[in-house]
Amino acid sequence: MIQTAVVEQLIRTGRSFQLVFLIASGIAVYYAYNVAKGGKLWDIRPIEALDAIGESIGRCAEMGRPVLVTPGISSMTSSSGGAQMLAGLTVLGEVAQQAASIGVECTTNSSNQQIIIASEAIMRNALTAAGKPELYAPGKYVRWFGGGQFSYAVGCAGQILEEKPGLIIFMGYFLADTIVTGETGARVGAIKIGGTLGAIPFLAMMCDYLMIGEEMFAASALITKDPFITGTIASQDWIKVAATAVMSIGVILYAVGIKTIYTIMGI
Amino acid sequence: MISQDPWVWISAILTIFSFTLLYGDNKFFRFAQYTYTAVVVGHSVVVGVQTLQGRFSPLISGQKPMLLISLILGLMVLFVVWRPYAWIASIPYAVIIGVGTGLMMRATLQTDVIGSIRAVIAETGKIFIGSPYDQFGYLIRVTFTIGTMFYFLFTVFVKGTGSKPVSYLRDFGKYALLIYLGLSLGNSAMQYSGLGASAINRLLRQWLGLGG
Amino acid sequence: MGATLTYVRLNLSRVLIIVGALAALGTWYFSVPMVDSVFKEVNAWQINISSFTLFTGLMTISMRYIRAIQRRDSDIWPFQAYALVLIIVWVLMGLTVGMYSDTYQTAYLSTKITLHIAILGQIIFYFTSGAYRTFRIRTLRTAALAISAVLIVALNAPWVQNPFPAASNFAMWLLNNPQMAASRTVVITGGIGSIVLGIRVILGLEKGAQRITEGE
Amino acid sequence: MKIPDLKSQYVWVTVALLAYIIPGVFPLGTGFPMSDTTMEIYDIVQSLPEGSICAIGGSGVFAFDLESSAGTIPALKIMAENGVRIINVPLGTEAVQYEKFLIDASRIETKYGGTHEYGTDWIQFPYIPGGASGLVAFLDDIHAASPADVYGTPLDELPLGRELTNWEDIDLWICPHWGFPTIVQYVTGERGITSISFAQSGAYARYSPYMMSYPGQVYMTNGFLGGAQMEQLVGMKGLGHAAIDAYQVLSLLFVVFVALGNATMLTAGEEE
């Protein structure tokens, strides 16, 4: 009894199940990473849009046109957009490095000023990793148009018209701004590849290749081509299978009047 | 009657310049584009200066000496534009990434994951009440949500046992997602159509004095 | 950079990420005053650092414009010169007359807000031409996408709703059920993806975060 | 016969002319159904006695909030006719400009030949920072939360300002912005003041559960349609009507262009 009271005092009400879920997820990721390190390779279903990135960078090299990677309009500390921005920035780094290694210029932009610093660091790092650190200069590859959704949209459209990229990757957090930027991309004949959570309908209309929802997070791991990091995608799947199972059992039990699972999840 | 107000004229000219993007790249659009950027940047600086004043005044008045750490960390990010010492900016940025990640994880887990799963379970109860129209709706909601989960499996049931039936579920999920995309997209047409009306009506009414 | 300095820097960055993330999580799950005060402090750091990032944005934009003006090798440098002057004039005006003065508000309304409304007004044009280009039924996939979009556009329209009042309810049913169900799965799986990405960041496995904090 | 692929510009010119410019100059007068909620809102606004005070406030982004202006402007006209006094309480930075715009656009001020005199019949407060906590502070003690109006004039120097003490002086709250839930929670939920939102269609879909939680106290209209309904009730044709006209044509053009795109593909043979 005393122990329960202490735990109740220690853990905030209504968040115990969430904590257990988080710890279990952490263990799953760490375990999958170690299994991958031990040599296990998983069969991963192909993500068409991810495969298209490599091919399209090659096409840009042939045409002599740059690549534009845009992570969109969120900040790093937003609870709804932060993760998508990070996934977009990971893709930016890999694309910039791959592009630089075959002589293609990669530029980027963002709406939130926080992201400028991250993008500058990523460009600096990617060019160094590609063996071309001398190409980097602050403000050369990263565009900022002030901190507003549509000043970003107009600025990004202007950037597309200016640079005429052969490939545009929309990877991060977006809203209706992608309609303006996507259409401008179509006008300069760019291949458009997109991945996001909330604004997928708009990207579906504007992009040639699409990563729907969570595919973007899988892509941010897969694009690194690091088998150990890729291993963490397996853990992502285990968590989803568990969530689906809990949801399905919860639904069946709830249908016959047993609300146990529903209640436990709210503890 | 056409407006006499110079600000209405500036507003109308900028609107038209902005709309020339529809025609293609041109100098008028460039003018509007750079005006937009400059005003937003200028406004951000005005707001930013006020914010900094408000935030660091307790340091200057000696009320909160701990703010010195924030000030130093803040000044460190400015090094990002100085190539040889740009790495200095990455230290304060680690704080942003760390706190941002923690905040994102706790909110996402509570609302997006656990909250949504609980909502699906609770809706099961409604399958058996209300009109057949509503009941069918709730049934669709629950089955579509669970079915679509299978689309997002990348490593399990890809090959071997269970892969065949799961591939059907994955296909089901794919089409459910496409229907969702189409419906959301189509529904937003109404709002954007109205916003088109508000932009063009400002020109017609305020500037040219036409229409109702 | 010396090896020792690099070592210290990398580990300092890693520690800051871990402390920041665990403090944000810790204060949410546990009721421990010490964790709360650690979070309060690092969160204040984060907010204050963020307010400085604005000035890095201003510096990079100025550097780019000044570089372009010096080179004058493209036809957009006059616009960049104009923008630079406008930024300075705007900041001086804002700091002199104050953000809520009538002058500032009229200027803001006639420029920023006007341009915002204008670009929002253009979305529907891009939307229609995008639909014209994209919704060509080549496969079952494009059929699902195109038919559902056209259906809801029509169901919401007065020319359908006036003769068939039930159309409005059917549109709501489609949005509340099939649409809502799949969008909720995107939220759930996207949420799980975000959490795993967060765990990768804490464990030092997310390449993007590594490039930002550990690069040269 | 091959149908040629249209350049986007042709699509846009057609949309601009048929959906916006022509109906903008010569309104089509598209019919639409009236909703019970809008009727109820109209009755509430109409029944406010002379001298009562209505707060207009919340937070949002100007360009998007224009959708809410369609319903708010007719409401302001009704209140002006009935001698209801108005205080604008902006909880977002752009809300200041937007609320001033609403007063201008409704032409209720004496400088436009209307009935309302600044300071006596209406007041514009400055931005009240702090989100929900800022709103609560304002409701509890108006003079403490905002001792002066947006122009820096002390409230005590304004006739209407002198009358304001706290939330008990407010008879109705209208939210013409995106952020309605904060208003519902603190204005209606905690203090029992009736609240109305001329909600944007996106916000209507998201926040409609709030309407069900407070029957008889919280009211919302749906997007431009709600605006058009309010306009019809006061006998004006504003942005709401223009938006309905535009959607009437645009939805038809949308269907036509998608069909045309498919016809182009089919007649082009083995294209792509």
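Note that the chains are named A, B, C and D in the order they appear, and that numbering of residues resets to 1 at the start of each chain.
The criterion applied here is as follows: contacts are C-beta pairs under 8 Å (C-beta built on N, C-alpha and C of every residue); 3 or more make two chains touch, one makes a residue touch a chain.
Quick caveat: nothing in here was measured; it's all calculated off a predicted structure.
Kindly list the shared contact partners of chain B and chain D, in label order.
A, C
For this structure, which two chains share the highest number of contact pairs?
By number of C-beta pairs in contact, the leading chain pair is B-C.
Report the chain whose mean Cα position is at the greatest distance from that of chain C.
Result for max centroid distance from chain C is chain D.
Of all the chains, which has the CA centre nearest the overall CA centre?
B
Rounded to a whole Å, what is the gap between the Cα centroids of chain A and chain D?
Using C-alpha averages as centres, the distance is 36 Å.
Express in whole angstrom the distance between the two chain centres, defined as the mean CA positions of chain A and chain B.
The answer is 14 Å.
On a C-alpha centroid basis, what's the spacing between chain C and chain D, in Å?
Once rounded, the distance between the two centres reads 25 Å.
Roughly how many whole angstrom separate the Cα centroids of chain A and chain C?
Centre separation, chain A to chain C: 13 Å.
Which residues of chain D are in contact with two or more other chains?
Only 8, 12, 16, 63-64, 66, 93, 247, 250-251, 254 qualify.
What are the residue numbers in chain A that touch two or more other chains?
In chain A, residues 15, 18, 22, 75, 77, 83, 86, 113-114, 116-118, 120-121, 124, 138-139, 144, 146-148, 150-151, 154, 176, 179, 183, 186-187, 200, 204-205, 212-214, 218, 236, 240, 243 touch at least two other chains, as defined above.
Please list all residues of chain C that touch 2 or more other chains.
Where chain C meets two or more other chains at a single residue, that happens at 25, 28-29, 46, 50, 53-54, 56-57, 59-61, 63, 76, 99, 108-109, 112, 115-117, 119-120, 122-127, 129, 131, 133, 145-146, 149-150, 153, 156, 175, 185-190, 192, 194-195, 198-199, 201, 209, 212-213, 215-216.
What kind of graph do the touching chains make: line, ring, star, complete, other?
Topology of touching chains reads as complete, every chain touching all others.
Show me the residue ranges of chain A that touch chain D in the complex, using the header's touch definition.
150, 183, 186-187
Applying the document's contact rule, which stretches of chain C touch chain D when the two form their complex?
For chain C paired with chain D, touching residues are 99-100, 102, 105, 108-109, 113, 116-117, 120, 124-126, 128-129, 131-133, 135-138, 146, 149-150, 153-154, 156-159, 161-162, 165, 168, 175.
Okay, in this complex, where on chain A does chain C touch?
Counting only chain A, the residues touching chain C are 9-12, 15, 18-19, 22, 25-26, 29-30, 33, 75, 77, 83-84, 86-94, 113-114, 116-118, 120-122, 124-126, 128, 133, 138-140, 142-144, 146-148, 150-151, 153-154, 162, 176, 179-180, 182-183, 186, 197, 200, 204-206, 212-214, 216-218, 220-221, 224, 226, 228-229, 232, 235-236, 239-240, 243.
Please output the residues of chain B touching chain C within their complex, sorted ascending.
Against chain C, the touching part of chain B is residues 7-8, 10-11, 14-15, 18-19, 21-22, 30-52, 55-56, 66-67, 69-71, 73-75, 77-78, 80-81, 87, 89-106, 108-109, 112-113, 116-117, 119-120, 133, 137-138, 140-145, 148-149, 151-152, 173-190, 192-193, 195-200, 202.
Taking the touch rule as given, give the residues of chain D at its contact with chain C in the complex, in rising order.
The touching residues are 6, 8, 11-12, 15-16, 30-33, 61-64, 66, 93-94, 96-97, 100-101, 126-127, 150-151, 205, 244, 247-248, 250-255, 257-258, 260-262, 264-265, 272.
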